[in-house]
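Two complexes come next, and they have one chain in common, chain A, joined by chain B in the first and chain C in the second.
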Partner chain A sequence: MLKRALAIISLLLIGYWIAQGLAGVPFGQDRMLVAQYYLDHVKEQTGAVNAVTAIVVNYRGFDTLGEVTVLFIASTGVGALLWRRKKQRTAKTEGSIVLTTGTRLLVPFVMLFGAYIFIHGHLTPGGGFPGGATIATAFLLLYMAFTAYEIPHKAFEKTEGAVGMAYVLVGLIGLVIGGYFLYDWIWQDWGFGVDNIGRLLSGGFIPIIYTIIGLKVGTELSGIIDNMLKEEVSE
Partner chain B sequence: MNALTAIGEALVLIGTFFYFLSALGLIRMPDVYNRMQTSTKSATLGSLGVMVGVGIWALGTDFGSAAWLTKTVVIAIFLLLTNPISAHALIRAAYKRGIPLWEGSVVDKYREHIEAKEREEVEETPAEEGGEE
Partner chain C sequence: MISVYYFGAISLILIGLYAVLVKKNLLKMLIGLSIMETGVNLLLVSVGYVAGRSAPILSEGIGPNQAVDPIPQALVLTAIVIGVATTAMALSVAMILHEKYGTLNVEEIRRLRG
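Our next item is the complex of A and B:
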């Protein structure tokens, strides 16, 4: 009781403190300094209509590379923590016929939608991370509905590594051509898609990077699910 | 305000009404199964009404285009396919966990079916052993 009261009082104090700090920030007023620059120049500098993905991939590409690395480390960490000699799925109850049939029907559409999200990162809300998570959801559905399902490990782990390398490679090509890492050579030098901003074939290297990230996130999250669902079996 | 706008508004109104009925069913119904029954059906229907209604409503406005209707119809079909499956999985899981039916229920054919199956298995096992000998 005393513990709970103390926790509530301290939380209220922290909340009041944060609210005091935020009270000085004007809400709903035009206080954009850097953001105004982004909004004014995003189209001619990156070719993307979606300013968020342009910032995340183009202006601040290092952050995205860091996030991909964090996710990779998380996946590897889960794999290392749950590593055992012999692991199998020990699920016993198969899903009902409605569930399995529904999953069979829906999984291709979920995957298609995930691919749609990451391919259209420069045009619509979303991008590589939500698209990849959607694809991983399709694999989670398969894992949940079938007792014996397993992702194709060989292909998945190879894809994961290859697309991770591809991201760095795209950045390194930029370093060679333009002088700095993650330089958007497709847009800046080739001018590819200048005439059709707002259509699919535009946006510099954002669609390419997001396809890479989508595949990477999809395979990584599926791998994490796979590791978490398996249990040790006694010989 | 033209005919398309009016139809869209009417559909959205019907949809929200069914949403309300769905929420009311959650409060009013006595057990899990009845609650799922009321909420799933009327929420699915309500969503369909709202989504298709918004699409048609957008067709009637001067800024709207057919893209709205296409998107909302796609979402509506997806929801129409997935909502019953999720409800089925939830109810089945609840039954398997042994959550009791409402005390006013009179018939539970599924339990009878499971028990009959178990009895059959118990009777069959010794018979098979006898056949092998």
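Our next item is the complex of A and C:
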């Protein structure tokens, strides 16, 4: 009880402190100069309609490569923490008829929706990370519905490695053509899709990179799910 | 100028902090950590919000002067992904602890060690 009272008092102090600190921040006011620059130039510099996507992939593409690396390290770390000599799925109960039938019907559409999200990253809200998470949700549905289901490990590991290398490769091609890492040669040099900004075939290399990120996030999150749902079995 | 997002974000942070401080179950503490993370993300996004403007997708009559600040949104996109990664790591550590000690209560885990 004393602990709880102490916790509430310290929380009130921390809340007061945060509120005081934030009282000087102008909420709801006009934005800063960097954002204004990005918004003014995003269309002719990157060909993307969605400014958030352009910042994540074009202006801060290297940052996103680091982010993908963090996710990869986390997935590897989960695999290393939950490593066992012999493990398999030990789920006891099959999903109910609603779950199994719904899964059979919905899995292709959930995957299609994930692909839609990451292909349209330069036009609509979303992108590689939400799209990949949606695809992982499809595999989670399969895991919940069927006791014996497992993801195809060989294909998943190969895809994960290949798309990781593909991201670096896209960056290196930009280095060769334009002189810096992740140079958007499709937009800057070829001017591909200048006439149809706002339609699917535009946006330079953003759709390519977001497809890569979507596949990588999808395979990695599915791998994390797989590692967490398996248990050790004694011989 | 104080907005409702500001109060929402601070109260989410405090609720999460309360769970981390008071709860004894590891899973509940992790849930508190996630709630705190949501509060911080909401705070960052609301810093970039400009009253009366729309999302930074420059089509259908929305020019550069009718959009909100896109940079906090891009940063929050990064933060969410990192949050998922850390949560997955913490959950697998919790699984190992549960296997080793048979409980998720932090105090009992401490007692077993000593």
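The criterion applied here is as follows: the second predicted complex is superposed on the first by the 234 of 235 C-alpha atoms of A that agree within 3 Å, B and C clash if a C-alpha of one lies under 4 Å from a C-alpha of the other, contacts with A are read in each partner's own complex, and residues count from 1 in each chain.
Everything below uses one rule, namely that contacts are C-beta pairs under 8 Å (C-beta built on N, C-alpha and C of every residue); 3 or more make two chains touch, one makes a residue touch a chain.
None of these values were measured; they are calculated from a predicted model.
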Partner chain(s) touched by A:167 [first = chain B, second = chain C, both, neither]: neither
Which superposed partner A:38 touches (first chain B, second chain C, both, neither): second
Comparing the two partners chain B and chain C, which touches a greater set of residues in chain A: C
Touched partner set for A:118, first chain B, second chain C, both or neither: neither
Which of chain B and chain C A:187 touches, first, second, both or neither: neither
Contacts of A:77 with chain B and chain C, given as first, second, both or neither: second
Chain B-touching residues of chain A, taken from the complex the two chains share: 93, 95-96, 98-99, 102, 105-106, 109
Chain C-facing residues of chain A, complex: 3-4, 7-8, 10-11, 14-15, 18-19, 22-23, 25-32, 34-36, 38-40, 42-43, 49-52, 55-56, 60, 63-64, 67, 70-71, 73-75, 77-78, 81-82, 123-125, 127, 129, 133, 198, 217, 221, 224, 227-228
Complex interface listing, chain C residues touching chain A: 1-3, 5-6, 10-11, 13-14, 17-18, 21-22, 43, 46-51, 55-59, 64-65, 67-71, 73-74, 77-78, 80-82, 84-86, 88-89, 91-93, 95-96
Complex interface listing, chain B residues touching chain A: 78, 81-82, 85, 88-89, 92, 96
